[in-house]
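Structure in C-alpha cells, see below.
Labels for the chains are A, B and C, by order of writing; each one numbers its residues from 1.
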Amino acid sequence: MRERLKDNLFRTWIVLSTSLVFIIVVYMFLYIFINGAGTISREFLFSDPKGMPMGSEGGIFPAIVGSLLLMLIACVFASILAISTAIYLVFYCSSERVKRLIHLIIQCMSGVPSIILGLFGYTSLVLHLGLGRSLISGGITLGVMIFPYIQVRVEKTLIEVDKSVVDASYALGVSKVYTLYKLIFPMCKFDIVSAITLAGGFAMGAAAPIILTAAVIFAPVPESIFSPVMALPFHLYILTGEGISLEKAYGTALVLMLILLIINIISALINFTRKEHE
Amino acid sequence: MRKIREKIFEILIKILTAFSVLILAFVVIFIFKESLTFFKEVSIWKFITGRKWNPLGPPEELSILNIICGTVYVSLVGIAIALPIGIGTAVVLSCYTNENIKRLIRGILDILAGVPSVVYGFIGLLVVVKFFEVNFSFASGESVLSGGIVLSVMLLPFIVSTCDESMEKIYREYSQSSRALGVSKGYMIRNILLPASKRSILASVVLALGRGMGETMAVMMVIGNAPIIPRLLGKTQTIPSLIALEMGMAEVGSLHYHALFASGFVLMIMLLIINGLLYFIKNKMDI
Amino acid sequence: MNILEINNLNVSYGSKQVIKNLSMNIEKNKITAIIGPSGCGKSTLLSTLNLMVTENGGSFTGEILFKDKDVLSYEKDHLRRMIGIVFQKPTPFPFSIYKNLTYAPKYYGIKDKNKLNEIVESTLKRVGLYEEIDKDLNMLATKLSGGQQQRLCIGRALTVEPEILLMDEPCSALDRKNTANIEEMLLELSKDYTIVIVTHNLYQAKRISDYTAFILDGELIEYDKTENIFNRPKDDRTKEYIKGIYG
C-alpha cells in the first residue's frame, strides 16, 4: 500500500518535470513571438533608431548589421585557430603529454565566464593595443569565446575519419598536405561548416563580451573594423534596462531569436546535405 | 618544391596552435596583472572578507564578501530549483522513452541551451520579476529568488545531459533482472537507479554551480544589483554583473578599475576550485 | 633477380617484438605468398617494407634493400610510389571512380585531361572493371560492390606505376567469384609487377604464387618455391601448419 503511494508520487514527479520543460520552452517562444510580432515591419528592420530617447522609435538596422559583422569576424578568427589546432593535434602531434596538456588548456578556456573574456578584451585589445571599442575588438573577443566550441568539434570530426582510407592515401606516396587538402577536408567539410555555423549563433547571442569591447548604445552602420557598433543582444539590454521602449525591446528580442533560428536551420540543412551526399 | 610547401604548412599550423594555446595564458595573465595593482593597495584578505562595496565614497571602500555570497547564493537557488526538474526529466529520458521521443526532448533541451542569456534576462524581468511585484506587492520583484528562477531554466540542459548518459547505462544494465523479480519500474528506479546515479548527480550539481556563477546577463537583469547581504527575497549582486555594470563607469587606472579586475580574479579562483572538485568527483571518487 | 632483400629484420611495437630476425629475398616479377597463423606478423612485415610501420608506432632494426639500395635512403613518398600496398578492407575514397583513379596522378603533376582519361581507362581495363561499370565513371566509388571496390583499390595502387605490389589478404573480405577474379588479375599483373601477397588461404597461395614463405610467431620458418613448400615441406612446423589446414 505504501508502495503504491510512493509509486504514484514518483510518477507524478517525473511527469511534472518533463512537462515543465516543454511548457517553459513553449511559453518562452510564444511570449516573445506574440509580443514582438507586432513590432516587426520593414521600417523596423531596415532603418536607424530614432526618437527621444534614442531607440524609442525607428528601427534596429545598425544593430542587425553590427551583430552579423561581429559574428563573421568571430567565426573567421576562431575557425582559423581552431581548425589549425585540431589539425595539429590529430595529424602532427606525436606526444601524448602535449596532447593532454593542450586539451586541458582548451577545456579551461571553455569554462571561463564570458564577462571575464570581456575584461580581457577590454584591457588587452581596447586599451593596450589601442583598438578602442570596435568591431575588431569585439570580434576577436567573441572569437576567443567560441574557439573551444569549434576546436572540440573539428577535432572529433577529424579523428572519426576512417584511418584505413587515410593510410591508403599515404600508401600511394602522396604527401600529408595533399591528403588533408584533397581527401580529408572534402570528407569533413560539412561537419566543420556546421560546427562553425552553430558557434556563430552562439557568438551572436552573447552580450557580456561585447559590452566592454564593441557595443555602444547608438552607432551607425560601421564604416570600418575599427568603428564601434550596435549589436542586438546589447540593444535589447539597453532598451529594457534603460526603460526606453518595451515595444521595441520585444521586437528586438524576436528578431534576435529569428536570426538564431535561421542559423540553426542552416546548420541542420548542412547536416541534411551531408546525409544526402553519402 | 613540394617539400618546401609541406614544411611551410607544418610550421604555420604549429604557430597557429601555439598562438591559440597562449591566448588562454594571456587571459589569465592580463586579469592577474591588473588585479595585482589592486592587491598592492588592499590586502586580498580584506577584499574578500570585508562587507562594504562603495566605490564612489567617501570613503572608498572596496570589499566583496557580500557579492561573493550573492554569487554563490543565486547559483544555489538556481540549482535547488533545477535539480529536481532535471533529474526527473533525465529519469524519463533514460527509462521511459523511445528513440524518437528521446530525440525530441533532447532537441528541446538543446533549444533551451541555445537561447541567449540576455533573452533569459529579458523574459525574467518581464515575467518573473513582474509576477512577484504584482502578486505579492513587493516594492521590487528583483531578488535572489528571481535570479535563481531564471538561472534554473538555464541550468536545466546541463543537469539533464550530465545525468542522462549514465542513467541510461545503469538502466540498461539492471532493468531486465529487476523486472524478472516482478518489481515495478518506479521501485527499481527509486532503489537502484537513483542511488547508483549519485556520482553523476553530484557532478551535475558542481558543473551547474560553475556555470551559474559565471552567468552574467540573465542574472544581472533580475537581481537588483545591490551589494548588500543577500536574502532570498532581497536584492543582491553577483561578481559577473558587478563587473559588467561598473566597468564602463570606472575610470581607467583608478583603484575602482583594478578592484573590478580583482573581483574577476577571485571569481576565476572560485571556478578553479569548483572545477577541481568536479575533476575529483569524476575520476577519483568512489561512491 | 632480387628486387627486395631483407636482412636480419626485427620489428617492434613499443616493447613488444613482432618480427624476429627475419631474412628473405623477393624475386622480381614473381608472386610471393606469405602464409602463417593470425597475428604472427605477416601484416607487420608488409607495412615495414613501405615504411608505414613507423607511422603506426612501430620501429625496426635490420636492413631492407630495394633494388640494392637501403629503403631508408629513399625519400619516403618516392619509396611508397614504387612499393604500393593494398589492404584487406577495400578503402575507396568517397569520390567518384574517376576521381579515385586520378587522385594520385594529379598529385604527381599530370594535368592534361586526355592523359588522365587514358590512365583511368587503361587502369579500369586492367582490373577488369571497365565493362562492369558501363562508362559510369562519375559513380560514387562507395556504391560499388565489395569485390569491385577492392579491384578499384588495386587499380588505384597501379596508377602510380609501382614496381612492387604488396597485398594484405586482399580477398579475405570477398566471395569466391570475386576472389577468383582477383587471382586471375594478379597472375596477369605479375608479368609486369612483383607481387607479395599475405594470405591465410593456403589454396590461394598454392594456386597463384611462385614462392611461399611460412611465418610463425614473427620468425621465418621456411621459404621456398611454392611446390616445395606444399609437397615437400622441410620443417616440422611447416608440415603441421599445412596439414592442419590443407589436409
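One rule holds for everything that comes next: contacts are C-beta pairs under 8 Å (C-beta built on N, C-alpha and C of every residue); 3 or more make two chains touch, one makes a residue touch a chain.
The structure displayed is predicted, hence computed values, not measured ones.
Across the structure, the highest number of inter-chain C-beta contacts is found for A-B.
Think of the whole protein's Cα atoms as having one middle point; the chain whose own Cα middle lies nearest to it is A.
Greatest Cα centroid separation from chain C: this falls to B.
Averaged C-alpha coordinates give centres for chain A and chain C that are 49 Å from one another. In terms of their C-alpha centroids, the spacing between chain B and chain C amounts to 57 Å. Between chain A and chain B, the centres computed from C-alpha atoms are 18 Å apart.
The residues of chain A that reach two or more other chains are 175, listed in rising order.
Shared interface positions of chain C, defined as residues touching 2 or more other chains, are absent.
Looking at the complex, you find that chain A touches chain B at residues 3, 6-7, 10-11, 13-18, 20-22, 24-25, 28, 31-32, 80-82, 84-85, 87-89, 92, 102, 105-106, 108-109, 111-120, 122-124, 127, 144, 147, 151, 175-177, 201-202, 204-208, 211-212, 233-234, 236-237, 240-241, 246, 249, 253, 256-257, 260, 264.
Considering their complex, residues 50, 52, 55, 77-82, 84-85, 87, 89, 91-95, 103-104, 106-107, 142, 153, 156-157, 159-160 of chain C touch chain A. On the chain B side of its complex with chain A, the touching residues are 2, 5-6, 9-10, 12-14, 16-17, 19-21, 23-24, 26-27, 30-31, 34, 84-89, 91-92, 96, 105, 108-109, 111-112, 114-119, 121-123, 125-127, 153, 156, 184, 186-187, 189-190, 210, 213-217, 221, 240, 243-244, 247-248, 252, 260-261, 264, 267-268, 271, 275. Those residues of chain A that touch chain C in the shared complex are 162, 164-165, 167-175, 178, 182-183, 186-187, 278.
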